[in-house]
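Common to both upcoming complexes is chain A, partnered first by chain B, then by chain C.
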Partner chain A sequence: MKRNGVKMIKINSKNVDVFYGKKQALFNINLDIEENQVTALIGPSGCGKSTFLRCLNRMNDVIDICKVQGQIIINNFDINDKSCDVVRLREKIGMVFQKPNPFPKTIYENVSYGPTIHGMAQSKSEMDEIVETSLKKAALWEEIKDRLHEPGTGLSGGQQQRLCIARAISVKPEVILMDEPCSALDPIATAQIEELIDELKKDHTIIIVTHSMAQAARVSQNTGFFHLGELIEHGSTDKIFKNPENKRTQDYITGRFG
Partner chain B sequence: MNLILFIFIVLLGFTSYYFGRKKAYTIQSTNKRLTALPQFYGYYLAIWCAIPAFIIYSLWAIFEPTIVKLLILSDYANQGYLDDELNLIYEKTKALSRGQFTGEVTSFIQTSSEKYLNLRSIAQSSKVVIVLCIIIASVAYAYKRISSNNRTREPVEKFFKAVLFTASLAAILTTVGIVFSLIFQTVDFFKVIPLFDFVFGTHWYPAKAFVRDSSEALDPSMYSDTFGAVPIFAGTFFIAFIAMCVAIPIGLMSGIYLAEYASYKVRQYAKPLIEILAGIPTVVYGFFAALTVGPFLKDIGTAMGLEVSAESALAAGGVMGIMIIPFISSLSDDVITSVPQSLRDGSYAMGATKSETIKKVIFPAALPGIVGSILLGVSRAIGETMIVVMASGLAANLTLNPLESTSTITAQIVVILIGDQAFGDPKTQAAFALGMTLFLVTLSLNIFALRVVKKYREKYE
Partner chain C sequence: MNKNKEKLLNSRYRTEKRFQFYGKSAIFLALLFLTIFIFKIFSTGYTAFQKTWLIVPVTFDAETMYLDENPSKEDLEDADYFDLALQTMFDLDKSASEKQQNDLKKMVSYFFEREIKRELLNDPSLIGKTKDVYLTASDDLDQVFKGNYPRDLPEDQRRVTDYQLKIFDQLVEQGRVESKFNLSFFTYPDSREAELAGIASSFMGSIFSILVCLVIAFPVAVLAAIYLEEFAPKNRFTDFIEVNINNLAAVPSIVFGLLGLGILLAVFQLPRSTPLVGGITLSLMTLPTIIIACRASLKAVPPSIREAALAMGASRMQTTMHHTVPLSMPGTLSGTIIGLAQALGETAPLILIGMVAFVNTIPGSPLDPAASLPVQIYIWAESAERGFVEKVSACIMVLLGFLILMNLFAQIIRHKFEKKWS
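Moving on to the complex of A and B:
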């Protein structure tokens, strides 16, 4: 999104290196993420795009041997700084995973999980409202409004993934990270999620990791191409797909490797 | 002799495996395609060699004594002997032929014993001959059948299936046998003692049943107020309750620590260490409870001005709880570890802390499995014997004071069956009735626990 003709940068990463034990997984990544736009991260398996995504909400903390170096600046604040409160950070930066992972609870409890943790609702009616808005924004409300108190695990794959999106947006995050959100879904459910992503970028900055070049081209405004732990090229999706500067980008996009 | 024959059959089986395989290789080398791998032909021949031989061998072993007995006793037929007397004659004959007979040797028995030895040696040698014939015949038959278009895979596979089936059948039949032996004795017991008195009576005093002289007739009225099982049921559940009060919190918390907080290295050492607790024999726990914990509690109690029995329910239950900790911690650790990582990630990504994630996502997801592990622990606590016998006293007090001594079903079974006992006596049968009760309680607990665990599995697989 441009304000007064200037691109608004939401996330600014500088010289990010990631190590798994002794093995280096990411090399000197410098990538700016534009606010209220969809940024796609593409590249062959094992290229580090998911690792980079998990740096942005410090999910790599969960893995013992993983070490992140460099700066990731969100709202003028380095999230790798010691003073960063991971709980607050993850409230601001939601995440949707590759495989739908609803909690073994009811649909309602799945969505109200985040707001409860962060104490966002003062009353039952307020919580009801948050749940309803989130489910509506995730385009799931109409399908499940009569069975809010049934288990979330009983939904279809596509519905489960939209439930996870509703769960992520229930705490009104500024950024939503999506790690191959459609790879476990059929084409119809994929189309629904893609439509939803387009809708969500009005209120959220979205970063999506995808294996499908067509999906990247369809949903994103910006694209970054990763290869062997390096960010080879990044820019507007149009430019990356139609006129890539780097030969490797071109080879990957035209399907010559990957 | 029998052992040699047995080993011989086994060796022949191995040999025929090699011959069968060799023939298959030979067929293969003439460029004919076999319908199975060569070793199947080996198995095929080995099975044909050993199995018919073993069947004949065991049938012989079963029927030989009966037939020999019939032949010996046929000499005494129609002479007006009673069955008991005939049996006695046969036993004498056998004893004499083994050279163990010490009484007066009559000429009849002398003849019989010679005949017996004679029959046995005929039987022995004919057994060897017949078994060998069977082996030769069946191996020859099977060897001839090995050819490129003969199917050996199916019969071999069927044979292995049959072996496995027999193994599982043996386990099931044993269980059924145990249950039946319990049922018959229990029914006999309730013929003398009314079920109502057993289930609702509050006096358990089986020693009273010792007083009866076996020559006297059985008088049910003298057993009133002897076999009222309420105090020992209460004692059983009370001690199990104390044990679970120790085992559930400690086991569960250490399980959660191991699964969620412990680093890989700590877990690697801590888990086996906790599991060592499960490997300590219950007798050791028993004297630990009786000689260390019991007196220790008594001393503390005395210092505090409480009256504590040296053999208290608290000591037995507490030590039993320690014994059960590894079951609960190890099982709940497994259950918690098997909660998919994606659920943890989902929760962390929402900004939940570790303890929130455990409390709100992982614990509820693992709950059915945890309940299962607790129920298995309970059924162990109820069935535990040694600790109670040693540490909790044998007098069946009806009490809810953990500082007094009380007794359990298992301990009473031990009390009843230690030393001399007469079969068919209500006192002995009482042990069977108690065993039956115990069996039913632990069985239903186990079934329930397995159901719960199974339900949990269906959720994620």
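Moving on to the complex of A and C:
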């Protein structure tokens, strides 16, 4: 999004290195993410795009041997700083995973979980409203409004993923990270999610990791290409796909490797 | 080439058939042993659920009881029933010699005067009247009546005399011997007299021990497991702890008994022979079992659920308490029940902490001396009297029934509460 012709930067990463034990997984990543845009991260398997995504909400903390160095600045604040509270951070930065992972609870409980633990609703009716808005935004409301109290795990794969998206947006995050959200879904469900992503970028900054270059081209405004732990090239999706500067980018998007 | 292939294929099929045959034989053998075992226990034990009674006419003569006219309730309580009881038995054969009178007395249970007393207390108007009273037969006659006692042995090798058998047969002919459901087996505590021995004290002892064990072992084990699995850093030290917990699960139970003896009784001076000490000792034994079960079921919760919760901004504690632990509970609970079932069948540690003592009272709390079911089996199996043989099997049946119920319960919990996740 441009304001007075200036690109608004939501996330600013500087010299990010990631190590798994002794093995370095990311080398000196410098990537700016534009606000209220969809940024796609592409690259062959094992190139570090998911690792980078997980740096942004510090999900790598969960992995004991993982070490992150460098600065990731969101809202003028370095999230790798000791004073950063992970719980607050993850409230601001939601995440949708590769495999749909609803809690084995009811649909309602899935969506209301975030608002509950962050104390966002004062009453039952307020909570109902949050749940309804989130499900509507995730384009799931019409399908499941009559069975809110049935288990979320009973839904189809595509519905489950949209439920996970509803769960993520229920706490009104500023950024949504999506880690190959469609890789476990069929083309129809994929199309629904892609449509949804386009809708969501009005209110949220979205970063999506994808294996499908077609998907990257369809949904994103900006694209970053990772290879062997390095950010090879990044820029507007148009430019990356039509006129890449780097030879490796060109080889990858034309299908010569990967 | 083709022929070779066919040969190979046939030999592959044969291997599979052979393997299936071995597997089926193994199952058959296991079932056979189990059937023999159950049949043996059942066939020796089922008679213990019946008890033989002699129906003897008792004349409640006030004079024999040294009672005044119009006795009060207290007078009846304090009256002397011994002579009356003796007289009742002597009346069965008025021409009996002194030695035979002694035999007559031994035909009924040791405390048969109490049964006469209870009859009169129930109905004080019986004074001066004669009534047929049910008296517990002695354990030897009980066995004779059930057909467990060889009558054709020479008299000097039998505990029942020819004279007793003669009188007993007369009573049988008159329809004065009856077999009824042996309620006292469940309501009486242990006794030196086989016909009066019951499992009430050991059953209650087992229940109290298991409760103490549960109350101590469950929270400690679950907390330890949750901490180790969800919070503790993975390093050499936690590895070391894990290895030791696994070792602890394999330590022979008698070692825990020694620990209970050396620490609980010697150092902390806790009361000997009580379910409290027994339960604590058993809880030491059950701890590793529950820890291992709980950790395994925590491990089985898919990491995606944890990630989902963490990514929603839940703290580690919230992730654990809201998601991981509830999902692991079915596995933990069924592991706990199986651990308790193990503890229920444990004998050795309880013997060491003194729960093998002869207890003829029913414990009302974990602080009263008690036996436990497996120890009761051990005590009775050691006893010489024939009447205890069937009791051993009957007690095993009760213990097995208890264990089957617990395992069934574990299965139900597992099936009913296990959630499926995609």
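Note that the second predicted complex is superposed on the first by the 258 of 258 C-alpha atoms of A that agree within 3 Å, B and C clash if a C-alpha of one lies under 4 Å from a C-alpha of the other, contacts with A are read in each partner's own complex, and residues count from 1 in each chain.
As a convention for this text, contacts are C-beta pairs under 8 Å (C-beta built on N, C-alpha and C of every residue); 3 or more make two chains touch, one makes a residue touch a chain.
Note that the coordinates shown come from a computational prediction; the quantities given were computed from them, not determined experimentally.
In the three-chain model built by superposing on chain A, chain B clashes with chain C. In the superposition on chain A, A:97 contacts both chain B and chain C.
With both structures placed on the common chain, the touch criterion links A:160 to chain C but leaves chain B unconnected.
Judged by the touch definition given at the top, the superposed model places A:71 against neither chain B nor chain C.
Taken together, the two complexes place residues 57, 59, 62, 64, 87-91, 94-95, 97, 99, 101-104, 113-114, 117-118, 153, 164, 167-168, 171 of chain A in contact with chain B and also with chain C.
Per the touch definition, chain C reaches chain A in the complex via residues 233-234, 302, 304-315, 318, 322-323, 327, 419-422.
On the chain A side of its complex with chain C, the touching residues are 57, 59, 62, 64, 87-91, 94-95, 97, 99-104, 113-114, 117-118, 153, 157, 160, 164, 167-168, 171. Chain B meets chain A in the complex at residues 263-264, 340, 342-353, 356, 360-361, 364-365, 459. On the chain A side of its complex with chain B, the touching residues are 57, 59, 62, 64, 86-91, 94-95, 97, 99, 101-105, 113-114, 117-118, 153, 164, 167-168, 171.
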